[in-house]
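Some structures to go through are shown next.
Shared chain: chain A. Partners: chain B in the first complex, chain C in the second.
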Partner chain A sequence: MRPLARRAATKKGGDPAAVDTGILVNVAFYASVSIIFAVLALGFNLQWGYTGLFNAGIAGFFLLGAYTAAIVTTPLDPPTIVGGVVIVPGHLGGFSLPFAFGAIMAMVVSGLAAVLIAIPTLRLRADYLAIATLAFSEIIRRITTNLDTVTGGTNGITKIPRLITFDPPNPFANAMVVLGAGAALVLAAFLVLSFIEESPWGRVLRAVREDEVATMALGKNTLLFKIEAFGIGGALMGLAGALFTLTIPYLEPSNFAPALTFSIWVIVIVGGAGNNRGAILGAFLIYGMEWASVILKDYVPTAFKNTIFYTRLMIIGVLLIVLIIYRPQGLLPEKRRVLK
Partner chain B sequence: MSAAYPLGPNAILEVREIEKSFGGIRAVDRCSLVVAPRSVTGLIGPNGAGKSTLFNIISGLYRPDGGEIWFGGVRIDGLPPYGIVRLGLAKTWQIPHELKKLTVLENLVLAAKDHRGESLVNLFFNPSGIRKDERRLREQARSILALTQLSNLAHEEASSLSGGQKKLLELARVLMTEPALVLLDEPVAGVNPTLAASLMDLIEQLRQGGTTFFLIEHDMNVVMKRCDTVIVMHQGRKIAEGPPDAVRKDPVVIDSYLGG
Partner chain C sequence: MVEPSETEPSLETRPHGFRLSPIHLTAAVRRQILRGLIVVAIFITFVAVLAAIFGISILQYTRDGFRVSAIVIVAAIGLTLIYGIRGFANFAYGDLMTLGAYVALFVNLNARLSIVWGAITSFLVLILVGIVLEVLVFSRLEGRGPVAPIVASVGVGLIIQNGINAVASTDQWLYSIPVVGDVPIVPGLGINWIRDVTTFAVGFSFMASVHVLLKYTNLGKAMRATADNLELAKATGIDTKRVTYAAWAISCGFASTSGVLLGLIGVVSPQMGIQYLLLVFAAVIVGGIGSAYGAMLGGLVVGLSQEMVVPLLVWLGEPDVIGLPHADAYKVAVPFMILIAVLLFRPSGIAGRQTAIVPRGVVTGAIAKALAARRAPIGPPGSDQKGG
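And now, the complex of A and B:
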């Protein structure tokens, strides 16, 4: 996502008024991407923070959602053939359906994928689950790279329509629409999650996390609860994928490398596992550091310019170590529930 | 085979020729026994006799290599642990398995059967039913906490309890499943004598209310005073059975377990 962040951050306006909205467009972009990370973190928090299922394939479920939404919403993109040679493979699609369909389909596809992965792997111990899901996400990414008639291969999917098309193009209005849609969806996800996680159903998830065998010996079909939590978490990652197509209307497989999964772990660990507010706060903080390093690049001395990205990685590393030593429960720890 | 002692068909639990090996070790070796309804039945034997393994097999946590287990007319070997609990057979752990980050009260409410709020569909379509269940089960949990002297710890995280309190929590939690038969794996080990006595009083009181208890215990005072029937296991088999006094005088038992 770095080059894209950079592109948005370095966009320059002509007249003074345009410069002003340019800053706002930048901030809105930062918030929109943070929201995508927040939705991913909410999904992972349900799986790991609440249920103890360590998903190492977040990027894979995110990819499935993004590609599903893109294929559902884009207009026809036929292959470009010059002299019998396929120059651009095009991709599956041409449905041109509204974003809402794209988002729902993204959730269904990613959620179903999560359930299908869950059935054989959730019987495994935590470390094997991590290995299996990491492999899944890389397999999905390789397939996406090579199945170019469906996904556009390394050319990716372009021409993803905006939620609202402004004529003439208005970056500020567009940024506000994207941010508004993202804010509404992350709020909805947060409210639904808070409701189901604080219910008796969520209590069983926390029990599974603490001690699965004991929970089973208290009469709970723990496998069923794990599949449900994993599936809903996967569906949220799919929703994040759909949001991604709104924010950055261009998809390519390299956006979905395992490094993205690791970022979500950092977000949830820093924010506080088992706390949804923490997951959202963590997303804004961790992506904020990335964004700030992109912005600051234009203002720091030349000598420092080339090292600023590595400095950010160092700061995140040190922050993580300090946090795990002094505040392992994260910035916003899990609450103790007092039942009246 | 299915022994007629003590009540034959009146058994609430019948273990028939159960076998279980771990690697080359025969932990349970064609063990057969019967537990009478409304009894407090003790299971004793030296370390490694296969007592805890047998409990884990009965409660479905281990799959036996052979044999059958019948509980109240239903064959339960092969059923998953949660299915067996739902039939009314629950067990406590020798080493407490408290759900650490849940409060004591949450540990209890979780153990209840048939909470409608544990179904995702009900969450959205039957909120009033869920509230009703939650209220009722919290009430029930509170009365069990009062019975087990844990009321003042209701809102503490289970991890903060002492060893003895965790043993009480084990019993309290299992009672929430409304069991007909409770397997207790060393219920008073590590519990101070006063608390142990009141815990055994509670078990007696619950037995009079109709619950059956089958317990592993090394404290011979408890076993001799509190059990109606004592079963002795040695090297994976039942070697003796009978009223406590008779078992205490059995030369085979003295030789293998109680000592001279």
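And now, the complex of A and C:
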């Protein structure tokens, strides 16, 4: 995944208040992107931590949500044709609906896609699900890259409208608005998930994860529960996609490579599978590593600039291996629920 | 008491002349050969029909399809070996292919040796890598289910890929091989010595060697037994550790060769293997996990279907049909659709064994349920008997 941290707009001239605002904007950006990762991780946690369904295509559902939200909220952007040749393909758009619509449509599309993928694969083994979801996310990314006229192809979708437009443009206020929206959404998601996970429905999910045959023997239609869990997880990933369009007002297919999926795996494993608080904490930790690596880039000789990027991914690889062998329950393990 | 000479065929009754030793032409083998010939005949007819519709250029795509199939078959055999013996899908396999290609590139360009030496060195290096992976990582994950080794293999893949990125940059490279033009056979179809003949030859020889290994050597038999049932193989006294190391060696060696072949027909870049990973997975699942012969068939199906669908896609891309932009790029979706179809109808694949609890595909399961419900009307016991 390309480094996402933006250069903070520090004003030259040394006005301390302006510099502080610049740093604050940067930190707010870090928090907003961490929130996106956190929502993705919450969705994956529901699918894997709670229900035991290993989704290797998180990037695909994220992409669907982001592009849906973008298409719903952007104004018309026809292709730029010069002399009969399409220079910049436009994209589907022109609805210009508010962000709430975008978010809801994103959740619906991603959730539906999750349910459709789930139906042929959930009855089968965990690794078939992983392969099928990985294939799905890669195919979706290819389609997005090639369906120029709808998605803008490799150019992506630009000029996504902000939630509130300030006049004159105020980056600090923008950052605060985005952070506020993100924080509200992640808090809402966390509360809703906590509620349904402690409910009878959530108990059946955990039972399915521990021993599906026993749960079936108790008369539960486990396939239905698994499809529901997978679908809700997918919808959460779509919501994260909608948040992404708020935080970073342009989309392109390279943002949705499989490395994103693997980062979410690390986040959930670090935070502890089945633990929502851990998922949010893990998101801030792991994205913190990426954000720090981008800041570090400035202080490192040119020869090593790109190496930092690759080193960060190698560290994620090592983390995956070490954690899965030695501490698969993560830093904050799930609380064991014992009937008293 | 039976005289031994009565049960053994005497020298006079053995067929004279050239004997297909050690393959005895029993009726079963004859039936298999006949089936194979029928399939080949059907395929040739199919291609002829397509040529009539789309023109002679279909042969070009068929040749491309065989090229891709050869590479996918070699890779799929390696992947399915580990899948059968260690029981997990090795998500690092694409990156292992890339690593193989890069090691050969290093030998080819830096040591200025022929690519053949590069391929051999790469094979040996990857054997080492495979054994190291087993010792350091995967032996510690035995018995943890299918997901934990997948996560570990993803980690391994990330390390390999980004290591390559850091050392060799993201540029594309070409092997230093003699430039050879296509030999035209038919107008519109050319065969390239390096891209086609070498690929086919290597593919065939690897397939044949795997067949000999699995069927006629003790190691091969031990591998088949271990893939079948690990605990039973251990109980029978098979050294499963040795078998597992051998499987990793062969798996990674085959990965390196398919990576080098891939580099021969195209360019060497850090993403080259991952682009093929899904294709190889599709081939393995279509053919049946753990079966090398299934991998061969699956590779053939998947490679041919991906390439031969291009004329159809190009036709779809024309403005008066659908006007799909970049239509030929969708060819990668075809193996994916075949994969989903296999998961829906026959998840154990072509050569896979149906386990006792049959994992029926969704569609066949639903059909079977509907048929069963039709046959046995539900009612209180005894009510459908005469007399009441």
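One rule holds for everything that comes next: the second predicted complex is superposed on the first by the 293 of 340 C-alpha atoms of A that agree within 3 Å, B and C clash if a C-alpha of one lies under 4 Å from a C-alpha of the other, contacts with A are read in each partner's own complex, and residues count from 1 in each chain.
Just so we're on the same page, a residue touches a chain if its C-beta (ideal position, glycine included) is under 8 Å from a C-beta of that chain, and two chains touch if they have at least 3 such contacts.
Bear in mind that the values here come from a model prediction, so they are computed numbers and not experimental data.
Q: Looking at A:Ile143 after the superposition, I want to know if it touches chain B, chain C, both of them or none. Which is it: first, second, both, neither?
A: second
Q: So, A:Glu228: does it touch chain B (first), chain C (second), both, or neither?
A: After superposition on chain A, A:Glu228 lies in contact with chain B alone.
Q: Would you check which partner chain A:Ser199 touches, where first means chain B only, second means chain C only, and both and neither mean what they say?
A: A:Ser199 contacts chain B only, not chain C.
Q: When the two structures are laid over each other on chain A, which of chain B and chain C touches more residues of chain A?
A: More residues of chain A are touched by C.
Q: Give one of first, second, both or neither to describe whether A:Ala207 is in contact with chain B, with chain C, with both, or with none.
A: first
Q: On the A-aligned overlay, A:Met216 touches which partner chain: chain B = first, chain C = second, or both, or neither?
A: After superposition on chain A, A:Met216 lies in contact with chain B alone.
Q: Please output the residues of chain A touching chain C within their complex, sorted ascending.
A: 54, 56, 89, 119-121, 123-128, 130-132, 134-136, 138-139, 142-143, 145-149, 153, 258-259, 262, 265, 269, 306-307, 310-311, 313-314, 316-321, 324-325, 328
Q: Sort out for me which residues of chain A touch chain B in the complex.
A: So the residues of chain A touching chain B come out as 195-196, 199-201, 203-204, 206-207, 209-211, 213-222, 228, 334, 336-340.
Q: Under the definition above, what is the set of chain B residues touching chain A in their complex?
A: 59, 61, 80-82, 85-86, 90-91, 93, 97-103, 105-106, 109-111, 113, 115, 117-120, 123, 130, 133-134, 138, 154-155, 157, 173-174, 177
Q: In their complex, what parts of chain C are in touch with chain A?
A: On the chain C side, the touching residues are 88-89, 91, 137, 140-141, 145-148, 150-152, 154-159, 161-163, 165-166, 169, 274, 278, 281-282, 285, 324-326, 329-330, 332-333, 336, 339-340, 343-344, 347, 359, 361-362, 365.
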